[in-house]
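Both of the next two complexes hold chain A, though its partner changes from chain B to chain C.
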Partner chain A sequence: TMDSCDTPESTPRQSASSRLKDYFIGAAPLQKRLESVRRQTSFVPTPPRRKIPQCSQLQEDVDPQKVAFLLHKQWTLYSLTPLYKFSYTNLKEYSKLLSAFIAAEKQKGRAVEVGEDFDIKVIFSALLGMKGTQRDPEAFLVQILSKSQLPSENREGKVLWTGWFCCIFGDSLLETVSEDFTCLPLFLANGAETNTALIGTWFQKTFDCYFSPLAINAYNLSWMAAMWTACKMDHYMATTEFLWSVPCSPQSLDISYAVHPEDAKALWDSVHTTPGEVTQEEVDLFMDCLYSHFHRHFKIHLSATRLVRVSTSVASAHTDGKIKILCHKYLIGVLAYLTELAIFQIE
Partner chain B sequence: MSSQKRVKNSRAQKKSSQGSNSYQTNLSAWRVKEDLNDSKSVSKHGQNNPVEYYEHADDKAEDALQIAVRYFEKGPTKTSRSKDKTLEKHLKTVENVAWKNGLAPEGIDILLNVALSGKFGSAVSTRILKCMIPATLISEDSVVKAVSWLCVGKCSGSTKVLFYRWLVAMFDFIDHKDQINLLYGFFFASLQDDALCPYVCHLLYLLTKKENVKPFRVRKLLDLQAKMIYFKNSENLWKTALLAVRQRNQRPSPEPLKLMLGPANVRPVKRKWNSHSVIPVLNSSSCNKECGKKGMSLSDYLSSNGSFPLEQLKSFPQLLQNIHCLELPSQMGSVLNNSLLLHYINCVRDESVLLRLYHWLSQTLQEECIWYKVNNYEHGKEFTSFLDTIIRAECFLQEGFYSCEAFLYRSLPLWDGLCCRSQFLQLVSWIPFSSFSEVKPLLFDHLAQFFFTSTIYFKCSVLQSLKELLQNWLLWLSADIHMKPVMNSPLETTLSGSLNSVSELIDYVGWLSTTAMRLESNSTFLLHFILDFYEKVCDIYINYNLPLVVLFPPGIFCSALLSLDSSILNQLCYIMHRYRINLTAAKKNELVQKTKSEFSFSSKTYQEFNHYLTTMVGCLWTSRPFQKGLYIDPEVLEKAGVAEYKNSLNLVHHPALLSYAVSFLLQEWPEERTVNMSSIRGKKWNWYLDYLFSEGLQGLKLFIRSSIHRSSVP
Partner chain C sequence: MLKEDCASDLKVHLAKSLPLPSNVTRPRIDLIVFVVNLHSKYSLRNVEESLHHVDAAFFLGKVGFLATGAGRESHCSVHRNTVAKLAHTYRSPLLFCDLEVEGFRATMAQRLVRMLQICAGHVPGVSALNLLSLLRSSENPSLEDL
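Let's turn to the complex of A and B:
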C-alpha cells in the first residue's frame, strides 16, 4: 500500500491525494458522529419513549457498601468526553500521580516538597458491576482522604472529596470511538468545587478529555418526574415534590408543590397506558394534570413558570445539575437517563 | 540567533505598517494646508515626507535606546557635572522602551552585565534590573554571564535578591536551560544565604531535573523544610510586563511558532476551570513529565523511548524526519496554535488524534459560546479571538473541522445575527463538503431567515461566504474526483450525487439572490455580490474540471441586463462569455467521447443559455429586445409606455451605456452642436465599440468578440 506520508520524494499530486485518503480514513468515525449530531439536531432531541427504570441484574455485583456510599449524597453532574489512553490496570499509579499533582498544587509557594508525606491521599477504585450492559466500561471512584499527621490515630482519615465516572447503556457513544478511548460520559462529584476543578484539570491534562457542567432543563426534569413516579416502590421514603420558579423582580418567586407519593403514583397510573414504557404523551399528560389541579386551587398557570427541581422517593434532581439518588433499586435506571443526557451534551 | 532575527523582522514590519498608516493621515493634512496657503514655503514643508518624519520618530527612539545602552556599556564617565542628568536621561529611555515594547536579547545581555557588575552603584542596578523585560526571549548566555558576576562580590545583597527574583519571573522566556542547569551546584550552594534562600528555592523548583536529586541535597532540603520557607511571589514586580510578553509571544506568526516549552507549568493556574486560556498550552504528555519528576513511571510511557519530543520540534524538515515517532501533545487542542503540528494533523493516519481534537473543539466551542449564556458578553473578546484562531487553522489546512459544523447546527438557532458575525459566516464557508439537502434544514434554512430579515450589508456578507463555501466544495470535489478508484469514501456518494449537492447549493443561492433583489429594490451593490458568486459558478466545468453547468435565474439575468450601472452590465457580459466557453468545451468533449456519458448536460441547459444569449444580443446589438429569447408581451410594454422606445435599445441607448455614447460623440466630434445618438452606426459603430473597450469594458469586449458576428453591424 501507499505510504507517502513518510516519503518526502513523492510528487505533490500524489501526496495531495494520499492526504485526502488519510483524511478519509481518519474521518470515518467523525463522519458517524456528525451524522448522529445531524439526527439529533433535526428531530426531537430525545426519543419520545423510554423504559421505566428496572432493577438491573448487573447491579447485584456492586459492593453494597459502595452503593450505600453513593446514595443519599448530593452529586454535581458533569459530562465528560472519552478518556484517551486510560487503563484500568493503572489505577494505582493514577492514585499516586493524582495525589502528587494535588499536593503540588496545594503546596505551591512552599519551598520544599517532602516526598510521599502529604496530608492527603487519593484512592482510585473500580465500581464493579455499575453498568447497564456488558459492553459498558467499568465505572470507577476517586476519593480524596485526609491523612492524619499523628500515626497513632486511624490512618484512613475523613473523606474530603468524592467523584465517580460511569457509563450506563452508552451504546450510542461507544459505537463512535476507537479502542484507545474509554467512554465514561457521566461524572458525578461531591465535595469542594476547588477540588473538583483540580482533579478535573488533572484528568483533562492526562487523558485529553473535557468536563462540562451538565444542567438539566425543565423538559428533562418533567421526564424524570414521570419516570421516577412510575417506579414501583415497596415503601415510599419521601413525598413527591416539585419546585417551580417564577421570574420576577426583585427576587424570583419559588412555588413548591408537594404531593403524597401514593397520590402521584395513582395519577401516573391513570395516564399510563403502555406497559413498561413511558411516552412523551404520557409525560405531558401527567404534568398537565398537575398543572390543572394547581390552577383549580390557586389560579396560577404553572405551565407559564419554570420547573427547577423534582424530588421523588427514587431520586431528586435540580436544574443546576445536582442530583441525589435515594433508592438503591433504581440506581442504574436513574444513571441510565443521566448518561443519555451526558452523551447528548458531548455529541 | 534565529529568535533575534525574528524580533528584528517583526519590528521592521511594524515600522513599515505604522509608516503607511501615518502616511495616509498626514498626506491629507498636508493637502489641507496647501489649499489654504498655496505658498511655496508650505509646499516645501510638505515635501518633508511624512513617512520619513514618522520613521524618524521611531528611529529616534531606537537610536536613543542604542545610545543609552552604549552609554551604560562604556561605564560611568569621570566628569561628574552633567553625569547625573545624562545618566537619568538614559535610564529613562531604557525604562520607557522596556516597558513599552520590551528589550531585544542583545540589549538585555549588555544591561544585565552592567547591572550585576555594579558599575553605576546599587540604585542604578536596581532600576536596570527592574526593567529587564524581554521583547520576546532572553538568551541563555546572558543569564550565565550574569550569574558569573554573582561570584565576584561586586553587587550588593539586594541586587542579588532582585536578580534571583527576576530570574524566577522570567524563567519561561529564557531560550534554553541546559547551560543554566549546569550551574545547579552553584545555585544550590546559595541556599546558605538566608536572604537569597527563598528565591533560590523557587529557582531550584523550576530547574530541578531527576539527575539533580542527590541524597546530600535532599538532606539539606529536609533541614530547610523544618524552617518552612515559603516562596515569595517573584512575579509581582513584572506582572503586567509578563502578560505583555506572553501576548507578544503568542501572536500568530506565519513562521513555525517558537515553542514555549520547558517547565512552563510554573504559571499560576487559575483555580477556575479551563480559564487559564481557552486553548491548552502545548505540552508533551504531561503524565510523562510528572513521571520523570517524581521518579514514577507508567509502562505506557516507558515504551515510547524512541519518540521525538515536541520540545525539539522547530522546523518543517524536522517534522518530516520524525513524523513516524512524534510525541503528541497531551492535549490535542494545543495544535491549533502550532503550524507545524497542524501540518501533522493534516496527514495523520491515527484517527484518535482527530477524535481527540473533535471532542475538545466541540466542547470548547459549546462552553465558550457567549450567546449560550444569557447576558454574559464579558468573554466576547476571548470567544472572538478563539474563533479567529480556529478559522486561521482552517484556512491553513484548507479544510473545515467537523466540530465547527456541529457547532453551527446547534448554535445557529440561538444566534442573534450580530455577535461574532464575521467569524460565524467564515465558519459557514468552511463547512466540510456534504449532502446539501441534509444540511439545509439544519443550517441553510435558518441562515435564510437571517438573510431576509437583515440589512443589505449582512446579505452581501452571506453571499460572500457562500461563494467561498462553493469554492471550497469545488476544490475538494475536484481533488476527490481523481482518486475515486483508490478509496472508499465514507460519504458513500457517487460523483453525480456530489454534483447534485453542489447544484443544490447554487440553486439555493439563486433563490436567495432573486428574493433579495426584490427586497432591496434591485440594489446595484447587492447585485455585484450576486454576480461575483456566478462568476465562480460559470467556470466550474473548466476551472475545476467538474461536469456541471448551472445558469443563473432569470430574475438575476434581467436585473443585470437592464441595470443602470455599466460595471454590472460588463460583469454580466463576462459571465455570459465564460458560460459560453464552458458549454462549448463540454459539448466538444461529448462529441469526442461519442458515448453518452452519465454527465452530459441536458439540452435544457443549452436552450436556456441560448435564450439568454438571444435576449442579450437583442438588447445590445440588434435593437430587437424581448422578441426572441426572453419574450415580453408587447401589450405589457405598451402599458408601461415604452413600446416605442424599445426598438432603439442597443449598445448606444442602453441606460448603462448612454453616458459613454455621449462622451464618445463629444470627444470625437467636439464641433457638433447637437448630440445625435442615432448617428452612431456603420463605421462610427465600430469606433464606438473600440471606445467602449478602451474605457475598460473588457467583459463586453470578450462577449462581443465571442458571441456576435461583427459582419452584422447595424
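Let's turn to the complex of A and C:
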C-alpha cells in the first residue's frame, strides 16, 4: 500500500456510528490508525487490535434462509476498486446487458464453460442487510443460470456461477471517493474461472473498475485463526485445522495440524486477557503455543514455515484467497476482516 | 559485501544465532546486522533471542536490522511494523531489502560496507553515533514540525 496524498487527515472517530465502533477500537481501521499515528508523533508503530466478531444487530435483520446459500461454499476473493456510475435501480438493465455480452462472447467461442447446448440467463439482485453500518452500500449478487430449453417449464435453471459484491465497515474507503462511485471493495466468486473472467471483463469495461485477486498472507491467517477461535459457539461442527507449507525441493511438503475445537478455544481463553478484543500479543501467544507444542513432539519449527490454510467452525481460509464461511452468526464478522484486507490492497 | 572494494581487510562472519562460541579468538566486531525474514516468525524469534546476548555498547550505532521478504506480501507472516517496533525499541536503524533479488542485494551490500567503514572508525569525522543520529532524524519528524 502506498501513502497517498488523498488520505483524509482525520480518522472517522467523531462521525462513526456506534456500529463501526463495535468493530474497530477507536473506530479507526489498522492502516489508518498507523498513518495518523505516524503523522502525529515520531514513528512508534502501534500494534493492531480488533474486536472479536459479535452477532451484529444488522445480522439479525438478515433472513438466515436468504443467506444460507452463501455458506458452505468456497469463494474466491478479489478486491475491487470503486464502480463508476453504478446504479441499484438499473439491476434489470445490467442483467440484460451482461446476458447479451456473454452470449456474444459465446459466439466468438470464448465462453466455453458456459455450456454449448443450453442458454444462460444472468440475474442481478440486491443482497439486503449485508453490510456493517448504514453507510455501507448495499451488497448485490450476480448469478448465471442455465435457462431451461422447454418453453413449458418456467422453472429457473441450475445456478452455474455466483458472484457477490459487498462492503462491510468500509468507512475508510467510502470517505475517499466522490458520489459518482459505489464502493464495494470485496468480491467473492464461486464457479468456473472462465465465467469469473468474463463477468470481470464486463464490469471493468462498464464501470471502469479493476479486479485484483486477494491473497491472504500468513500474518492475516494467524489473525483469522485467533479471531474465529475467539468467537462464542454453541456447538462446534468442525475440527480446528492448520496447514503449513514447507518449501523444499523437489516438491514442497505440507504439514497439517488438527486440534479439537474445544481445546483450541481453551487455549485461546488461556491467552486472552482483553475482553471483547483481540490484540497482536494474544494472536502471537496463541500461535506460539501451537508452535511449541508441535516442536516438543516433532522437533519441527512451524514458525519457520508458511501458514497457508486455517480452518475453524466459523470459517476456513486459504492463502490463495479462498474462503468458506460455515457459521451464519459470524458472517458479517468474517466479511468485515476480508473487506479490510480488500481495502488495504486497493489503497 | 566481500565483493566491494575496501581499503582495509573486510571480514564477514555469518551466524544463525547469538551468542557466538566463546572459545574462538576473533577480530573486533564493528557492526552487527540482524537479518529478519518477514516470511518466517521463527526468524524473528531467533533475532529477538539473540539480541539479549549483545553488549549494550553495540547499540550506539553498531547494530542494524535488515528485513527481507517484504516484496512478497502474500508470503509474509511477520508484519513489517513488528520489525519496525523492534528496531525502534533498540534505537537502531532498520533497512529493507529483498535479499533474493540480485540487484537489491548488491546495493544493500554497498550500503552496509559504507556503514561498516564508519563503524570501524575508517571514515574521518564521522563516528558510528553520528551515523545513527543522522539515520534516526530522517525517520522521525521533529516535534516542532507538527
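Going forward, the second predicted complex is superposed on the first by the 286 of 347 C-alpha atoms of A that agree within 3 Å, B and C clash if a C-alpha of one lies under 4 Å from a C-alpha of the other, contacts with A are read in each partner's own complex, and residues count from 1 in each chain.
Throughout what follows, contacts are C-beta pairs under 8 Å (C-beta built on N, C-alpha and C of every residue); 3 or more make two chains touch, one makes a residue touch a chain.
Note that the coordinates shown come from a computational prediction; the quantities given were computed from them, not determined experimentally.
Trainee: Contact-wise, after the overlay, does A:V246 reach chain B, chain C, both or neither (first, second, both, neither)?
Mentor: So A:V246 meets neither chain B nor chain C here.
Trainee: Of the two partner chains, chain B (first) and chain C (second), which one does A:T81 touch, if any: first, second, both, or neither?
Mentor: First partner only.
Trainee: Looking only at chain A, is it chain B or chain C that touches more of its residues?
Mentor: B
Trainee: With the two complexes superposed on chain A, say which partner A:K205 touches: chain B (first), chain C (second), both, or neither.
Mentor: So A:K205 only meets chain B here.
Trainee: Name the contact category of A:M237: first (chain B only), second (chain C only), both, or neither.
Mentor: A:M237 contacts neither chain B nor chain C.
Trainee: For A:A192, is the partner it touches chain B (first), chain C (second), both, or none of the two (neither)?
Mentor: Neither partner.
Trainee: Counting only touches as set out at the top, which of chain B and chain C does A:T319 meet: first, second, both, neither?
Mentor: The answer is second: A:T319 touches chain C but not chain B.
Trainee: For A:S303, decide between first (touching chain B), second (touching chain C), both and neither.
Mentor: second
Trainee: Where on chain A do the contacts with chain B and the contacts with chain C coincide?
Mentor: In the superposed arrangement, which is not itself an observed complex, chain A uses residues 34, 41-42 for both chain B and chain C.
Trainee: Which residues of chain C touch chain A once you look at their complex with the stated criterion?
Mentor: Against chain A, the touching part of chain C is residues 39-43, 45, 73-79, 81-82, 84-85, 88, 139-141, 143, 146.
Trainee: Touching chain C in the complex: which residues of chain A?
Mentor: Residues of chain A touching chain C: 34, 39-48, 215-219, 222, 280, 287, 291, 301, 303-307, 319.
Trainee: Which residues of chain B touch chain A once you look at their complex with the stated criterion?
Mentor: 197-198, 201-202, 205, 221-222, 224-225, 228-231, 233, 268-269, 271-274, 280, 283, 286-287, 290-291, 294, 296, 298, 300, 320, 323-324, 330-332, 346-356, 358-360, 362-364, 366-367, 399, 402, 405-406, 409-410, 434, 438-439, 441-442, 479-480, 482-483, 486-491
Trainee: What part of chain A is in contact with chain B in the complex they form?
Mentor: On the chain A side, the touching residues are 2, 5-6, 8, 15-31, 33-34, 37-38, 41-42, 81-82, 84-85, 87, 90, 93, 96-97, 100-101, 105, 108-112, 114, 177-178, 180-181, 194, 197-198, 200-201, 204-206, 208-212, 345-347.
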